[in-house]
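As written, the chain order gives the labels A, B, C, D and E, with residue 1 at the start of each chain.
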């Protein structure tokens, strides 16, 4: 319980203003007119993203993820619907007001999109100039930002001389320059190696926690969703086909597509050879939340006369809440096994007999 | 044991000619002369890759992975050293002989690099024309290849109209057109979503198994290595800092860098809150191979008077061989816990006490 | 009266129009036939490319620059013996076409080179990796991939040729531009001047439009 | 004797050389000052861009095409009143510079437009997303990013200007090209013609070389 | 700017205030520019002028420049052209003095005499009206064509021919290019200055221009400036014996004007 409290506390600290809508999307439609007719990018999406939330979006290529996120700062003009950022409806703004609104919406791109002819410091200063900061302040702020993303020594270097991860850090610094309240990330880590990805995610997490910035991020990697998102939406054909707290979506995926995606993280294909090799009853047990840590299996093994053999399994911490799935072979008398299973059924989230004893 | 036999059989079937060197790299050095001096891409690499093997290469950006793989078909001319493909030293070949040798070395690129002005069928036919196949044969072979990669209906479509995964399939078909004995893949799945990645990997696996093609692949995703590679090399600063069978490298990483990479797949960062919450002894147990399936934990729990609580853990199947790591909290009298631990030490690969009972 | 005048000039304008088409048509054709390979040569022989030949690259580059440095009228005169040998005359639209062609070749070659440079190096590498011969790469990769750019370049060349063809009058080449100069300029006939210039402007706009459309059609990206 | 002959022409060649530099220098400057904004305008007002104004784009595009369609000699003469008003004379290198500038402006504008089109659209979008004004985007994104291309384009323009400046002789503009024409064409003096052409060729090669180097220096990609 | 700097220093109070010691004289490239340079400029320099010879490769700009004050005199045109140009362009031009002028000739590598000219023969003529008018005049004199009587010499072209006895085919070509095209056509009307420049022998001509003075080139100034000191000085130099000596030495073949023949 102490742990659970701490977890909640973490959230409370980071997301002080949680509960207010930071982004409200109403009936968003984005159509592209092309020679071959109208292509629908986003199809009547409604969603509210709260202050301090990290909102993930996953989906196949062409699902409309980029179209959606690009509508959030009006890089694409919505064909229909309204976007409210911090209560302000974007589509009704004048050009100048829109620019002012964009100062509060940072964006990070997969391919970084730095100005190649400008140094790292100049790239960041560019964003500050857009907000009309005085020159002196700009210098200070640039150095502050460079410290923050760990690139203080690269201020005078041109982007071409940076590694992918370093370029993305510059992108992040640029996006954060004007203290935005929203950060949009379109596949911000897809071009990076896993170790660099991890460091970028750490940075995003830190930003989210320390500055309370609302983050919307598109990714292809469920690992990223697991690691950093509070909520996740699965997109298909321009629609949000599933949407909810990451833990819920991982634990109880509703849609085929979602299951598909999640299987890349929580995948339990037993090699056929193994299954053939086992004689006992094979069960799949799913634990959720605090229960995972309560020694259910240990109790079961000690209470019933069965021998347990772990075939496959994993405990994932999703937002610091454990989610456990085990595939076990239970060997013993059929009554003992049946008792053990019914015991498990009582104490765990879900028990599924994959194959009865041979 | 039946399972183990099957696993071995799988290898025997797929890699009939295994044991002969398909690729031999001797003392390979690749230097780039730039305005700012010489940059070392590959630094004295020696490696032998056997027929039918799938050889993975991982490493940070700039480690020299691309430089290495591009030397294998002489897209980059080595500064020093020799490349033997199927016994033939590439660097001594005439231009014409080199072209003939390249017909037997397929290559797949991260960004596909299809000819945008040619249809899918024409892109594949291009490779066949390079081998001087008669026109009639080309048509048949193109359709055969398109069937193989599941794009028979896209023959007359231009690449711009394909999804990333489809483009990569065309790239694979092109690379396979002339029945190569070696397939080089430079981040062939980095641009793709996880579901598409999986289907491409499946295809590569199938090709490797059915056609016995030797595959060298660079990836950023350890998941990919786990899924498809027989051996893996970790590159840093142009050198192979670690190299060995995937299972070995995953189970016993030697270098810091390797551990770093592997942690993205086998990661066990316990949330601090959880650790604080537990009162018992926390141990990390690693199982390897057949042992993972022998109910050690079950036996331990039943033999000793300790209560076991799974905090974290995972069983991975790497090349169909299980690799298990569990972090458990053991509660009980200190002698019972000590006995349990010494029992585990005898029967498992590795036991590590992370924290003694509080 | 200006209308009458325009009508009276129509037969001559008509003739001039076809002379212009004739001259720029020939020159464009020649500059494509010769300039295209030269442009490709400039690219493929460059450092790091698959037919690297720095000497060839430099010599061809020098010649291209050389021809581009010589004033057109001097080129016209310097080419007289060559023109005579080639087409058997040094006057008239055919002779003018020779000089126009020689001037257009290096221009078009540079344009082609630039277009080909835009091709993703990766696509060329993929072709090399597949074991393709240089000739195959040129024919099946460079040319198709650069096609939209080359068409745009041909449009640019064609429009420049129309402007240059006005100087064909020096060797009696005729054409709309020369008509504008002889009547409009030397003989102060503003009606003709405007009529001919309108014809030229329309011609240029049509060519630009056609070039844009054509280039878009072949663009499969 | 040819050597004596060359020596005798040296003072004149020297003067002509500086006239050429003067004329192309002025014209290049003007075409940069006017053509650069025009080229940017052609880009930023295009469909889908951040200052989309299809009408402006089409009108400017038409004018650019129009000036490019008019034969240079006609342009030269048509501009005489304007030239007189602007620089107070209708002859000499200064007057010739006016016509050269007018001809170079649309050419350079097209070149600038093409260079800017090469910029990754993503970089422009990133600037828009950051809340930058159009003016900031032009000054701090488009221009720096297109700089290497623009320098290459300026080199192309400069070399074309040198070729065109030979026609400055029509208004007594002088310069090396005109010298070549006056002696080589009107006086049938081949020695001087070759000498002057060598000077021209060297000048062009030096400019091309300088342009290449300079463009490489500012290229941070 | 340099024009002003001298004007106030020397004769600012004189009635011919605009007259400066720094003068620009225009001429078309070739012999007439050379004539100014070799035979007129030295004389003017002796009289204290600084002379710049401006060479034009065009027949319209030199008169415009004169009218505009950009040059003070020019030498390239004959009287008929000058008068018509002035009328057409609403400017005043006056000639000072006629200078030796090379006669245009009809040359042929095909026909040995004018009588042999075949029906439908091709003849290259200058494409500018100044020179074209002279060519047509020769042909008219030879009875080969008849020009429209009302046509202005300023705009005359082959279209103004009302009678074409031998159905001559006209090929208008840039004047300086004509010597280079003699071999290409049946006949070519080549202006004398370019014929001489290209080492053609005037005596080879089938027929030379019968040149009345009004078709000889002359030094021309802006209307109203006939009496300036500069004009007087130019006339004095051209009339001097030294001028004729230079003509005899360096401009052989140039037909002398009446005043020079008759003195």
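Everything below uses one rule, namely that a contact is a pair of C-beta atoms (placed from the backbone, for glycine too) under 8 Å apart; a residue touches a chain by one contact, two chains touch by 3 or more.
Treat the numbers as computed from the prediction; the structure is a model and nothing was measured.
Any chain bridging chain B and chain E, meaning touching each of them, is among C; the list is complete. The pair of chains sharing the greatest count of C-beta contacts is A-B.
When every chain is reduced to the mean of its CA atoms, the largest separation from chain B belongs to E. A separation of 56 Å divides the Cα centre of chain A from that of chain C. Centre to centre, using the average C-alpha position, chain A and chain E are separated by 87 Å. With centres taken as mean Cα positions, chain E sits 35 Å from chain D. For chain D, the set of residues that touch two or more other chains comprises 73, 77, 181, 185. Contact with two or more other chains is made by residues 60 of chain E. Listed for chain B are no residues, as none touches two or more other chains. Here the touching chains pair up as A-B, A-D, B-C, C-D, C-E, D-E.
Looking at the complex, you find that chain D touches chain A at residues 120, 122-123, 125-133, 136, 140-141, 144-145, 147, 218, 220-221. By the touch criterion given at the top, residues 73, 75, 99-103, 105-107, 109, 111, 113-118, 126-127, 129-131, 158-160, 171, 174-175, 177-178, 184 of chain A touch chain D in their complex. Per the touch definition, chain D reaches chain C in the complex via residues 62, 65-66, 68-74, 77, 110, 118, 156, 159-160, 162-163, 166-167, 177, 180-181, 184-185, 193, 197, 200-201, 203-205, 208.
On the side of chain E, the complex with chain C involves touching residues 59-60, 88-89, 124, 127-129, 154-155, 157, 159, 171-174, 177, 180-181, 183-185.
Note for the complex: chain B touches chain A at residues 1-4, 6-7, 59-62, 163-165, 190-196, 198, 220-223, 260-261, 264, 269-274, 276-278, 292-295, 297-299, 301-302, 306-315, 317, 320, 322, 324, 326, 329, 331.
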